[in-house]
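Down below are the structures I want you to see.
After this come two complexes, each holding chain A, first together with chain B and then together with chain C.
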Partner chain A sequence: MSFLRSRFVQAVLVLVIAFVVLRFGIQPPAPWSVLTLYMSIVLLAVLVFVSSDSDSWREFVRPIRATLISPDKRRARLGLLIALPLLFGYYAYTQAAAKPQAPPELRAVHPAPPASMPFRGKEIQITGLDNPLRKDQATFKKHVAAGAEIYIRNCLYCHGDNLDGKGHFAYGFNPPPANFQDPGTIAMLQEAYLFWRIAKGGPGLPKESTPWNSVMPAWEDRLTEGQIWQVIVYLYDATGQQPRRWEESH
Partner chain B sequence: MGGIALIPSLTVLAAAGLIALSLSAAPSPVAAQAGDAAAGEAVYERKCAGCHGDKGDGKGPAAELLAPKPRDFTAGLYKVRTTANKVPTDQDIFRIITDGMPGTSMPAWAVLPEKDRWNLVAYIKAFAAEKFKEGPKKLELPKDVASSPESIKRGKEMFEAIECHKCHGTEGRADGPSRAELKDEWSNPIAPANLAKPWTFRGGAGRTEIATRLANGVLGTPMPAFLDSVEKPEDIWHLTNFILSLGAASPRYATLVTVTAVSDAIPDDPNADYWTKVAPGNIPLMGQVIVDPRNFNPAIDLVSIRAVYNDREIAFHLTWDDPTQSADDPAKKLYADAISLQFPPQITSGPERPYFLMGDGSDAVYLLRWENGKGVSEATANGPTKIAPLAGAEATGKAVYTNGQYRVVIKRPLGSKDAASPAFSPAVFTPVAFQAWDGGAGEAGTKMSLTSWYYLRLEEPQSNRRFVIPPVVAILTLAVMLLVVRVANR
Partner chain C sequence: MRECHAVRRGAWAALAVVALLMMLPTLPALAQDAAREPAYRAFPLIGSRLAVWAVAQLHLNFAAFILGVPIFAVIIEIIGWRTGDARYDWLSHEFVKLTFAAFSTTALLGAFLLFLFVGYYPKFWTYMTSIFFPTYWIYALLFFAETFTVYVWYYGWDWLSGPRKGIHVALGVLSNLFGTAILLVANSWVTFMISPAGIDESGALKGSVWAAINNFTWMPINIHRLIANIVFGGTIAAAYAAFRFLGAKTDEERARYDWMGYIGNFVALSAFIVLPFAGYYLGREIYAFNQTMGITMMGGFMSWLWIIQAILIGVLFIGSNYYLWLGMERIPGSERYRRYVPMMIGILALGFMVWATPRSMVITLDEARAMGGTHHPVLGFLGVMSAKNTAVNMMILTTFVSFVLYRRANRISIKPWVGIGMVVQWAALGLAAAVVVFYGVYGYFVESLVRIGFSVYQVLAVLASIVIVMAIDIPMFRGARSTGTIRWGTIAPRSQYVLILLAVTFTWLMGLMGFARSGIRQHWHVYGVMRDNSVDAVTPAIGYAANMITTVTIVFFALVMFMFWLGGLSEKGKAGESGHASTPVFAGGSDADPTESGRGRSRAGGSEASSAGESRGGRSPLLP
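Up next is the complex of A and B:
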């Protein structure tokens, strides 16, 4: 394993290992642009390392120089002179012949809610608002059951039986329906936020959230204030998530 | 809050991929476990009762929305069995719970712990315990016959001989003459399977699964067992091979509609050979459930689009399955079959566009429509109920209907003189959306199937860029390398 002591082999090994880890170790896979950025940082670090003192640098450059000059490395030199231009040419071809992809949609997933909103002719204060159904423990179960029924009659086809955003219509729409089992959705939002999103739906989103793309209906046309709170308690009960609470004001 | 996220439309592709995966994976035999019915009840109440009902009678609160209806377990009739009698094995029930039933509202419950699913099997069986007194009897399938042109031909003959086409239609698109009379065990209307869409097969689209369905039928539906009606037992496999030859294994949904550049004239005839050479994009359609009447069970679930343009006009070739050709007849609750393509009236580079559901009061959309009986038209819409025909419309088109399938060509000029109608230009990502109506299924007005916004792109006229750039890059690389070698040798 003497070749492992060569600075050049070490540098190449570090680069290969870093690439394998970054490419296959991250789930879901990072986009190529991010990967390229990470690999440039690793390359920079490797160059800093091999050039830390002049001995190390000389040792690193030796095999490269040898390949370029040494008469007994003629074959390797010739091979490189053929292989590298072909490789670069092939890469250029894949880039030039690539079919265009649909551009990604950039949108704010959880835009800031308004402080208050109109709801069926009255004004509802959102900031600081709590779910009124949580006050009375005696009737809570009844509300969860009522919420379950509202959910399966209205929300099921997009958000799914298992509340994971995989309903009948889920794969046909972009943006896809919210996955309530995901800790990045209702678990990080206040119940008043859900009330706003359910009541106003896609058309009530601000522009940075692309309201023209969302198929979420504005449920204020169909559900009463009480029914919306019921379906909200069902969402948390069925997923086992806890709503985020308002910060205590001092 | 306020995080920016990338929502790649690749999710659609990924979903299609998953469907394809689940289709290709053969069901691995699972060792049966004894379930605990009492423990199963708790899971059932939480996960199943919403559709199948507390009493297992298929009358949960969601039942009225769903088509097909949720199964009534008290009847003890199971659609998908691997047995020769009416009794399914525990593994059969377990598999359906785990994998779900494609094309229905039954999702795959693989998310539940395996123990829970076995407990559910025990609990579900208890709704009709007397039906399980007789044990399951193993079904012996004849020896598999690999697919070949001869086998498919024999399968087609059998398909007609045992009258499969009476319900499933000549080319399997669920358009047979008996389709309207079909009722299930509970007298609900039931549609025959569209055999050209194997990804919607309730019991799976594997070879053995299809052969088993043919051999022992689908209980509770009009689909009989055919093992004894075919001429020779192995005809079951010829039929299977024929059925699998009717359509692609998976829909492979598109995320971008590419409009190919052509220099010649574009034919009007939707059946012209020309169109078979243009690559299609499959777009999934979903129910419109925002405005009343809501359409939870849309009749048209897929439209296949081919598009080309030349220096004067752009043409769209649309293909979709519809079991009945129907024109307006409101007295019979029949309406004209229709399809429309939707574009913003002006193509801008910004992200903003009109509301996907045919625009709204402030932003209109442009519609390119075809309607059975009326032909092609152009319109402006400010919402699904506010559609106004466009004056001076220039779009033309032609439609054909054969064996449960529409093919329509819609053409219009590339440019536009009207501010309400878009001008198409190459290499621009143009928003597009689709709507479709099966008038024979009572769809009209806001009762439709639709998509949200997709992108359409007119491909640049074929350039030789991809043949010029790579050699230049290669030669430049070689030159730089030679230079380096020279400098090093000096």
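Up next is the complex of A and C:
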């Protein structure tokens, strides 16, 4: 086990262990783009560590240097001379070859809403807008129940009965429907934002960061203003999330 | 010869200032003419936007440098004055010399930028003039005052030494006040474009110009830019030292520039530690000003820009720590702290990974199906601010620990209360880490606005621990037993490439953040008031912007390298005379004449507080 004391072997082991943990320890598997990013950081950290003092660096470089120049490492050198170009060639092939599926896309996190929007002939100011149904606590539960009914009639098929984005049709869409249980979705947004997204749907998304490819219908043609607010209070109530409040202007 | 170069540079700067002043009275006339002229003209070949972008970025790079460096140069001069250590006086002069070389270039680029606005965006410039005309005079006068003060500060270094050193330091402070005032005025124009205020619905000024100046993002950007300028100045000065170190012919020269590089990096690192807090404050204020703008910046089409930013800042953190660890090799007694390096690199790497984890990932359809959406059910938790704030605070704490270990590397405290002191220090650091992690996790269980407020507690915990640790560390190691003198100049050469890498990375980062600040206005010259109707009204994609920023960064460094070369050229053939005074001696510079040290010190007008060749003698409590 003396070879384990070699700095070079230690560095390679750390890289291998990190890869195994990141590749198989995270379920569902991390996308390759993220795995590549993580492994690049691990590689950087390992190189920084082994070169952070001269003794360590000399020890790390010694086997590499020996493989490159030592006469008794001729076979290993020859093997590397054949294996490395083949590996790089294979990697280049995997990157360049056409694949049956669409290439990965860079997606924005949230589309930016406009400051105001037209809704059934009137202009609604989104900035600073609060849900009017929250003002009257006495009727709040009634609105939540009404919102639940609207959700089950219209939204459940895509967003799912658990509001987790796993509805009946979800697997047919790319991007998949939003998962409201995720703390990174509705919990980060004001209710006015949800109103805009529900009212305008995919067709009302902004021009930047396209293509959005969203199949979300524009519900302003089917739901009234009050019904949209009702379904919004249901979403927050059912998931236990709190809507983002507007910050006070200084 | 050196004087001749300096005078020539000075003449260029003075000419540029005079040109700017002479243009001021013509501005209203130009504005009237502009009303009859087309709104835009096309700059040949590359178009007006690229021309303005390139010149503005270059101008800002140089301006940040000449405003940032004097801030710490005067602090270093004060330290040298009060401790009587000639090294600090020499170093301060060396820093100001660098600034001086960049002064005229900044002024010329500023004038060029003004010509571009007046010539190619006449309507826009007319509008800005209608709001800010009174500030143009203030700006020009401040620039003149700063130029004059810096000139006297630089050329009067020997003249105002000895008993008159106080006057000299006051000049340095004054030039910084003028410089900061210039920054505040220029920031008012830029921030008005992002968050206009003090105007009516037609865009005309309602009352005093102060309302337009004191707009929503003005103060956050003032704070952010001021700190960032210090970081930038520190990294460029450190890169200059690295450049000189790598080209050094003697051990003494190598020792001197090793020390200079270390101080430059120390200054950059000290300011860099608080920079993320200032950036977060700015981002929060932008979000509070306008939700659309905030979402465009953080979650919309600019969201990927923050992943690039995370990678660059991760490189800065790891690079800074790496430099400190490499530097410990030249400190006898530092071996006992090497065992902490694996733990520190582990925390930094983990923090880097968390910070760089995107919220919406680049995924194939198969991966999206396996994940059940565009957000990963596990890693998705790392894509939100709770995780990222925790990561960056832990990285800041780790970097601070690196610095503390470096600081005490060759010293053993002889105070009887050292045990208790150490326990309190580690407890403060541990408690800060616990607070950071606690609020990071708790942030997932509270509403959004409360979670945002948690970041304040995290920041306060980190800053409090830094203050407590330093408040104990300084008295605890005062008069400590030394385990050996720092062998300046013996650091591994790769450390110098790290300093250059830090400077390039930070410059690149500045360009990127400048694009974010400007790009969030999208198709508006002045957000919500004056639309961009030019052919360039489209906001460029990040890839395009990255290419542009990279090109300008390369041009900037080409110019900086030229200045570094000029800096070395003026000293050629003048061995032992690099600047106003004889250079002091550093431990490790074996071929230095020890008598030089005393001579340098007497020039600074200080006492004989440190022994010749002893780099720790007469040390400042602030600088290592």
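By definition in this document, the second predicted complex is superposed on the first by the 155 of 250 C-alpha atoms of A that agree within 3 Å, B and C clash if a C-alpha of one lies under 4 Å from a C-alpha of the other, contacts with A are read in each partner's own complex, and residues count from 1 in each chain.
Assume a residue touches a chain if its C-beta (ideal position, glycine included) is under 8 Å from a C-beta of that chain, and two chains touch if they have at least 3 such contacts.
Here the structure is a predicted model, which means the values were calculated and not measured.
Q: Check the residue A:Leu4 against both partner chains and state whether it touches chain B (first), chain C (second), both, or neither.
A: neither
Q: For A:Leu44, decide between first (touching chain B), second (touching chain C), both and neither.
A: Touch partner of A:Leu44: chain C, not chain B.
Q: Thinking of the overlay built on chain A, is A:Tyr90 touched by chain B (first), by chain C (second), by both, or by neither?
A: Only chain B; A:Tyr90 stays clear of chain C.
Q: Quick one: is A:Tyr171 in contact with chain B, with chain C, with both, or with neither? Answer first, second, both or neither.
A: Once the two structures are laid over each other on A, A:Tyr171 reaches both partners.
Q: In the superposed arrangement, which partner chain does A:Ala148 touch: chain B (first), chain C (second), both, or neither?
A: first
Q: Which partner does A:Pro29 contact after superposing on A: first (chain B), second (chain C), both, neither?
A: second
Q: For A:Trp212, select first, second, both or neither according to whether it touches chain B, chain C, the two together, or no partner.
A: After superposing on A, A:Trp212 lies in contact with chain B but is clear of chain C.
Q: Is A:Ala138 contacted by the first partner chain B, the second partner chain C, both or neither?
A: In the superposition, A:Ala138 touches no partner, neither chain B nor chain C.
Q: Going by the contact rule set out at the top, does A:Leu106 touch chain B (first), chain C (second), both, or neither?
A: The answer is both, since A:Leu106 touches chain B and chain C.
Q: Find the residues of chain A that appear in the contact set with chain B and again in the contact set with chain C.
A: Of chain A, residues 101-112, 164, 166, 171, 174-176, 189, 193 contact chain B in one complex and chain C in the other.
Q: Show me the residue ranges of chain A that touch chain C in the complex, using the header's touch definition.
A: 26-34, 37-38, 41-42, 44-45, 48-49, 51-54, 57, 101-115, 126-127, 164-166, 171, 174-179, 182-185, 187-190, 193, 206, 208-209, 241-245, 247-250
Q: Any idea which chain A residues touch chain B in the complex?
A: Interface residues on the chain A side: 65, 68-69, 77, 80-81, 84-86, 88-93, 95-97, 99-112, 148-149, 152-153, 156-157, 160-162, 164, 166, 168-176, 189, 193, 203, 207, 210-215, 217, 238.
Q: Which of the residues in chain C come into contact with chain A in the complex?
A: Per the stated touch rule, the residues are 216, 284-285, 287-293, 295-296, 298-301, 303-304, 314-315, 318, 321-322, 325-326, 328-329, 338, 341-342, 345-346, 348-349, 352-353, 356-381, 383-384, 444, 446-449, 492, 494, 522, 528, 539.
Q: Can you name the residues of chain B that touch chain A in the complex?
A: For chain B paired with chain A, touching residues are 1-9, 11-12, 15-16, 46-47, 50-51, 60-62, 65, 105, 107, 109, 111, 253, 255-256, 258, 284-287, 289-290, 296, 351-357, 360, 363, 429, 451-455, 457, 465-466, 469-475, 477-478, 481-482, 484-485, 488-489.
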